[in-house]
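Going in written order, the chains are labelled A, B and C, and every chain counts its residues from 1.
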Amino acid sequence: MRTKTKYKLISLASVFVFLAFWEIITDVLQLLPSYVLPSPVKVLNCFITKLTTSSPDGSTLPVHILSSLKVSMASFLTAAVVGIPLGIAMAWYSSVDKLVKPIFDLLRPIPPIGWIPIMILVLGIGFWAKVAVIFVGALIPCVINSYTGIKQVNPVHMWVGQTFGGTRTQMLFMVAIPTALPVIFTGLKTALGISWMTLVAAELLASNNGLGYMIQVARTIGRADIIVMGMLVIGVVGLILSTILDFLENRYVKGRRP
Amino acid sequence: MENTRKLENDCVVRCDHIGKIFGEFETSHEVVKDINLNIKENEFVVIFGPGQCGKTTLLNLMAGLEQTTSGEVNVNGKPVTAPGPERGMVYQTTALFPWLTVMGNVEFGLKMAGVKKSKRRERAQYYIDLVGLKGFEKSYPVKLSGGMCQRVGIARAYCNDPSVILMDEPFGHLDAQTRYLMEEEIERICSTEKRTVVFVTNNIEEAIYLADRIILLTNCPATVKKEYVVDLPRPRSYVSPEFLELRELITSEMDEMDL
Amino acid sequence: MSKQQVRDKVSTILFAMLSVCLLLLVWQLAVSGTTLGKMFPKPIPVFQKFVESLTVPIGQYTLVQHAVFSLYRVFVGFVSGAVVGVILGIAMGRIPVIDAIVKPIFNLIRPIPGVAWIPMAILWFGIGETTKYFIIFMGGFANVLLNTYAGARDVDKQLIGAAQMLGANRRQIFVHIVLPASVPYIFAGLQVSLSTSWMAVLAAEMVCAQEGVGYLITGGMNSGNTTQILVGMLAIGLIGLILATLMRYAEKRLCSWKIRGN
């Protein structure tokens, strides 16, 4: 108990020292100019002003956040809605498996970022190109995890279901899908991480709004304070999204081993 | 007076009024209470008692894996404060190193002591042969059965040549048939290679079959209820009249304890 | 093999061929005679171009040279990320003080994806190689650290006890127990981090490079050369596949003690 408190204090001190060191080498001693590393105070100031100002990139911070969220959530949800049933169907019906899996294995090793140029050429710079890229990236873990989840179903559970006279469809919904749920959730978490990261990449490369675009513009005009602030916002939003998913998992996935 | 002193000096393990209390204040829980125990060289002592009575805690205190809250454990006249190579341990869960082969597990202690490879290989091979695992030197533990894993654990403890070997319900996880087999194996190994052994069990047959002396513990907190010297000729028969008589005696003592 | 198994295998292969042919057919039909065809090449020219690029340069280099550029960057960034991740992960997992000091700062940096470091990295290091190494490092090291940390922290206490009872000292316990027990975890981390490193190198090359497979596809985008993009994607997929296979093979060799059966 006492050692726990001690380590908590050390952690607090560590964060404090980190911030203090950062502040001292920037604002106090001026060892690093603010276009290389802005001080924490400057980053905080920048965050507060950017909440309401739209210069230099044309939108306020909340607008950027909303626009990024809109794109990533739209593609993430579409990927989940398409990917999970597809993965389940592949695992449950061997003909679907044999037909779809080869194409899937072919496309799988291409990272989502690799799709950006082709999507931009076909769909143009804008909402749909980004959605398409992120969709491809997020689809893969959704399909793979639903597939392996269903394949991992304990045959004994299936036999139990059969001896009670369950039909194949009943077994899918009563036995297979509940068993696969934790694995599917893991897939969703991976997909969410990929969506957020791919979005930032897509916005960096070709966009006219969103958080990635904001830090890209800030780089071209040398505003390091906006970059650091943007990175932190990207991190925090990503963290909030994954926390929401963790919460949903704890709520809906029951009977897991601790 | 002179006599008892001499006896104490002969002892490999001496527990002097040891006790163990877990936790502090209101949540404290006394598990071992005021145990005195002297174990002579080459003696096979079985610590026997009801489930959850603190047998394993007592053994962990001797091993140095837990610290006493009162009293002192002495091994070879030195107080025990931490785990050390002069005490060997055989675990119920075997605790084999899964990334090492049978050979790697058995020679581990010698390797830690810096014994030359050719020498430790030779010694380890002797004990692998002794426990009947010749031909499995290069196997990994996942590929062995429960009984075989336990043999590796025994060889590993023996190979380090400790003053005392502590065995914590080593056959608790085995099926009944394998258990009988392993009891006979222990009997055979101990008659070829005499060692001081402290053996914890909750199985009465196992206790009488193996022990020179049985220490019967009370329910939690564990104290010494009674001691039995077993001087039946070895190897013993599970169904000889003397065996059954002793079994009856200890069982009735146990039943009394429950009331 | 039984008759049933043979039939199963044959049908799997037939179905695979059928589905790939279908994909190519759809591709062929979709681009012939539609507006899409004006910017999208047919499958056969793409494969021809792929084979041709192995010897004929795109931009300054051949396809193979581009791939070597990318792989070298991944190698430097991934290896340095792995080394830092493993060392820091084990230190955090075994030494509570280091854990208490580093964890809050790490938790601050961890949720920021590797690609989000690109603008900052360019500001700090310009558009040279260091920038790319840094981005790949940032993309890879967090995963290695997290997994190593979990592995080092969850070492079975009984195994440590057993080693102590066999006479191992602190250093020996670290080398002979903690390290081998963490290997499977470290490998899980390395696998994920290799694929994120591969992704990070693409992103880095797409933003600032004149060579590498990432440059190939952005170069194609900027000049409207769809064939070049598709050739680049094909190369990216192939290399990604090879990297993943190599990693799985290494894992099988190093963690053979975990595999039951023969």
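Quick notes on this structure:
Methods note: a contact is a pair of C-beta atoms (placed from the backbone, for glycine too) under 8 Å apart; a residue touches a chain by one contact, two chains touch by 3 or more.
Just so it is clear, the model here is predicted, and its values are computed rather than measured.
Chain C has its Cα centroid nearest to the centroid of all protein Cα atoms in the structure. Each chain's centre was taken as the mean of its CA atoms, and the one lying most distant from subunit C is B. The geometric centre of subunit B is 50 Å away from that of subunit C, both derived from CA atoms. Taking each chain's centre as the average of its CA atoms, subunit A and subunit B sit 53 Å apart. With centres set at the average Cα position, the gap from subunit A to subunit C is 17 Å.
Along subunit A, no residue makes contact with two or more other chains.
Touching subunit C in their complex are the following residues of subunit A: 3, 7-8, 10-12, 14-15, 18, 35-36, 95, 98-103, 106-107, 109-118, 120-122, 193, 196-197, 200-201, 204-205, 212, 215-216, 218-219, 222, 224, 227-228, 230-232, 234-236, 238-239, 242. Residue ranges of subunit B in contact with subunit C, taken from their complex: 63, 65, 82-85, 87-89, 91, 93, 95, 97-100, 108-109, 111-113, 140-143, 156, 160.
Those residues of subunit C that touch subunit A in the complex are listed here as 11-12, 15-16, 18-20, 23, 36, 39-40, 96-97, 99-105, 108-120, 122-124, 195, 198-199, 202-203, 206-207, 217-218, 220-221, 224, 226, 229-230, 232-233, 236-241, 244. Listed in rising order, the residues of subunit C touching subunit B in the complex are 156, 158-159, 161-169, 172, 176-177, 180-181, 183, 256-261.
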